[in-house]
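Letters A, B, C, D, E and F mark the chains as written, and numbering starts fresh at 1 in each.
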Amino acid sequence: MDKLTHINEQGRAKMVDVSAKNSTKRVAVVRGEIKMKPETLERIAAGGIAKGDVLAVAQVAGVMAAKDTARLIPMCHPLFLTSVDIKFDLDREQSLVEIEATVGTTGQTGVEMEALTAASVAALTIYDMCKAVDKDMVIGNIRLMEKAGGKSGHYLRGEREGSNEQE
Amino acid sequence: MDKLTHINEQGRAKMVDVSAKNSTKRVAVVRGEIKMKPETLERIAAGGIAKGDVLAVAQVAGVMAAKDTARLIPMCHPLFLTSVDIKFDLDREQSLVEIEATVGTTGQTGVEMEALTAASVAALTIYDMCKAVDKDMVIGNIRLMEKAGGKSGHYLRGEREGSNEQE
Amino acid sequence: MDKLTHINEQGRAKMVDVSAKNSTKRVAVVRGEIKMKPETLERIAAGGIAKGDVLAVAQVAGVMAAKDTARLIPMCHPLFLTSVDIKFDLDREQSLVEIEATVGTTGQTGVEMEALTAASVAALTIYDMCKAVDKDMVIGNIRLMEKAGGKSGHYLRGEREGSNEQE
Amino acid sequence: MDKLTHINEQGRAKMVDVSAKNSTKRVAVVRGEIKMKPETLERIAAGGIAKGDVLAVAQVAGVMAAKDTARLIPMCHPLFLTSVDIKFDLDREQSLVEIEATVGTTGQTGVEMEALTAASVAALTIYDMCKAVDKDMVIGNIRLMEKAGGKSGHYLRGEREGSNEQE
Amino acid sequence: MDKLTHINEQGRAKMVDVSAKNSTKRVAVVRGEIKMKPETLERIAAGGIAKGDVLAVAQVAGVMAAKDTARLIPMCHPLFLTSVDIKFDLDREQSLVEIEATVGTTGQTGVEMEALTAASVAALTIYDMCKAVDKDMVIGNIRLMEKAGGKSGHYLRGEREGSNEQE
Amino acid sequence: MDKLTHINEQGRAKMVDVSAKNSTKRVAVVRGEIKMKPETLERIAAGGIAKGDVLAVAQVAGVMAAKDTARLIPMCHPLFLTSVDIKFDLDREQSLVEIEATVGTTGQTGVEMEALTAASVAALTIYDMCKAVDKDMVIGNIRLMEKAGGKSGHYLRGEREGSNEQE
């Protein structure tokens, strides 16, 4: 049985030894979403044209958070990230902003935590920028879509496009 | 119509002026969850008895993240937090860990961002600790349950207990 | 003769005691600029219409840096900032972006360091975003324009509008 | 029996609620030391005259660490520090540098953690600056000397001057 | 005579150039201790069985501090750490918790500062978690036990097992 | 036409992909200055002899800021810095302190942002240490002098020695 590798022989957490792993090019793609009232979405959309600011701020926050992951997640290895990108898609039908974070590195560990953190903080920032007009927003469906590079092989999420993984 | 208050007259983001707001005692409660395979949940549960480490690490990470919120969320005010607590509930029926973060302050702004950040980072930490055995986990349903103190009054989420807010 | 108050009796730096100072409402306004090639300025301006991103990123970076000042400047007191705003003015005649940072607090020390840091980091971010096309940019003229609140009284920079303080 | 107050009802750590505590003026004094070879001490002393740098760097590091305490110590409350000072005493007889850190605040919790952190990081910095010539240095005897302000009353360490608390 | 290499030609501190050093696998082991009243130790021990929290929190804090070393110690190089582990040993005879931190990297500089910082912050966290019941605790005997990798060769502390290095 | 490479296809900022760039030895040299009243300069100079503290603190702050650059500048890549040095020159004729920051790395991106940040924060720290006696100080002329390593070739600023680049 696979172990929860973050646990040492005293039953406490450690940062696992990756010194024997090869340094390879790695990438991770994460998606998440923040559901909101249709009016809130319209304001972001309008802003996207006239001022663009809610999503611009969320983008910067997400990129910065990706670089800060090892400081936030206790057992996560520090990494030299070679790329971070975040894209937003406004889905009026479901009344949500979909967030896609893509992070790359050349290193000894994967970057799924960095991509998950980027998407989460981008969503939190959208919440913060819009909370004066909508406190009911829900952040969710934050999930790894794809992970390439490293010994564990290529991971591709097995979901029908558009399905809601959380159900 | 209410404005997105984080936008200045140049259409860019600012940290809004709260100097005229009263300093009052405030509290925010947030809930979120991380859905996983039943086997993953069982390991966390077993760990909870024998070693307790996954949730202990997530707890520490969440508390520290609450204190770091103003550094992560660009337009969020720095705050002196007076209390942070995080609780976990293992829901075997839905195969998820429910996270509840409660944050308090005496200050001029609310602490919902701090509670949302605490719950998000606790969930991300659970993901990190368990990702060697389960990459399909989904973080979701992160939402404000209650907010007290401040001019905007008492917010209590209008949801039936157990409903999935994200749908 | 006034002392350099940051020096202790061993001749080394300390964070001076402000516990006897009154907590008052304070504000500081700082201006600075980044001089660049006219082509670089035009790209930022075009971006300001089509995408707005260089200045949007600089704005976020400046606001976040203001909150981080006490971590960057060794003897600077931590402060609860109540407002941070940054504005940009594109001066085609002098081929520069002028940056104005305004920071407010209610506290025991002034916020000129926070405003100076915000303007400096906003300028550094503009440099970073444009350095692929212009390495000759010069950051300068970063200066306190106004400071209100606190025992030392109202400071208003004595300069003719448009003069270059650095000469 | 007094409880370890940092533990919540699930047996996990929390940041305890201090919202009912009065905001009072508080101060804490901590002492610690770093023992080294006599030659190492002489170099620091010589440096103290010609260049002064080892202790100057340690001083800055200690002051900055005091401000960073709530980010380092998981259950520690963020605080507005009103003063931080660090003094060094070169004890040739015992071949050590004694470090004294004094921290003040006006707030709802004590500042002993901030003073302990300041002294520890100052000692670590001395180690770092001198480790090329002495790897045998030992950091020790880091202890609270005095604590004033707050409900728990005045704490004054009961030790004979010069005794080694660690024995 | 060996120089204090952190000093530049102006007599001030610099971060020394390590670009010519080989990137090798390195490890450092540090031990330290926190002495306390027997009752305090018993509570931690009891907690170690029923709840485990004091040491679990100290462990997380120590691991996170190891990753933060270059931000705390001014002239310390940033490093990609490949492993961090912390172990605790409760010594009832001497009434202390012994802390052992082991840090690994593949890089151009050693990791003794990271291990020293991990042990120090773990000790500070134990102090913080127990200070409501014991203010007399003393942190000490923080010392490098072993250092492997790099040009300076294998360092192994020359001490009789159980001796108190600080005397 | 060269693009502003920090912009993604949605017109928002990203951290550009450098994974295909070679890891080479790189260095950047930046100069900047802080202009002040002659009396202020004399105090710093006097301090330079008797206590040395203003510039010693600025030096430490600048070195630490260089390591923190990727956390301050949103789209800047994290880097392992191999060296950081800062030098000061007191220019009585122009009544200013000239700051020169030199940063080295072996990596995939240049270090001009790290050197620019180091010089800027050193200047801000001098301002902070002296602001009790001089609020009219102006930070300026922060510019890249030289950049070596990497595909874009050797950059050497084309300026007559002593000219003021900002005019």
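Simple rule for what comes next: a residue touches a chain if its C-beta (ideal position, glycine included) is under 8 Å from a C-beta of that chain, and two chains touch if they have at least 3 such contacts.
The chain lineup, named per UniProt: A, B, C, D, E, F = Cyclic pyranopterin monophosphate synthase.
Fair warning: this is a prediction, and the values are worked out from it, not measured in the lab.
S.K.: Starting at chain A, how many touching-chain steps does it take at least to reach chain D?
M.R.: 2
S.K.: State the pair with the higher C-beta contact count; candidates are B-D and C-F.
M.R.: Most C-beta pairs in contact, of the two: C-F.
S.K.: When chain B meets its copy chain C, do both sides use mostly the same residue numbers (more than half shared) or mostly different ones?
M.R.: At the contact between chain B and chain C, which are copies of one sequence, the residues are largely different (under half shared).
S.K.: How many angstrom lie between the CA centroids of chain A and chain E, rounded to a whole number?
M.R.: Taking the average C-alpha coordinate of chain A and of chain E, the gap between them is 32 Å.
S.K.: Using mean CA coordinates as chain centres, what's the chain D-chain E distance in Å?
M.R.: It comes to 16 Å between the two C-alpha centres.
S.K.: Could you list which residues of chain E touch at least two other chains?
M.R.: In chain E, residues 11-13, 51-53, 56-57, 60-61, 64, 68, 74-75, 79-80 touch at least two other chains, as defined above.
S.K.: Which pairs of chains touch one another in this structure?
M.R.: A-B, A-C, A-E, A-F, B-C, B-D, B-E, C-D, C-F, D-E, D-F, E-F
S.K.: Provide the residue numbers of chain E that touch chain B in the complex, in ascending order.
M.R.: 51-53, 56-57, 60-61, 64
S.K.: Tell me, which parts of chain A touch chain E in their complex?
M.R.: Listed in rising order, the residues are 8, 10-19, 70-71, 74-75, 77-80, 107-108.
S.K.: In the complex of these two chains, what residues of chain C are touching chain B?
M.R.: Checking each residue of chain C against chain B gives 25, 52, 55-56, 59-60, 63-64, 66-68, 79-88, 104-106.
S.K.: In their complex, what parts of chain F are in touch with chain C?
M.R.: By the definition above, chain F touches chain C via 2-7, 11-13, 32, 35, 43, 47, 50-54, 56-57, 60-61, 64-65, 68, 72-76, 112-113, 116-117, 120-121, 123-125, 127-133, 135-144, 147, 155, 157, 164-167.
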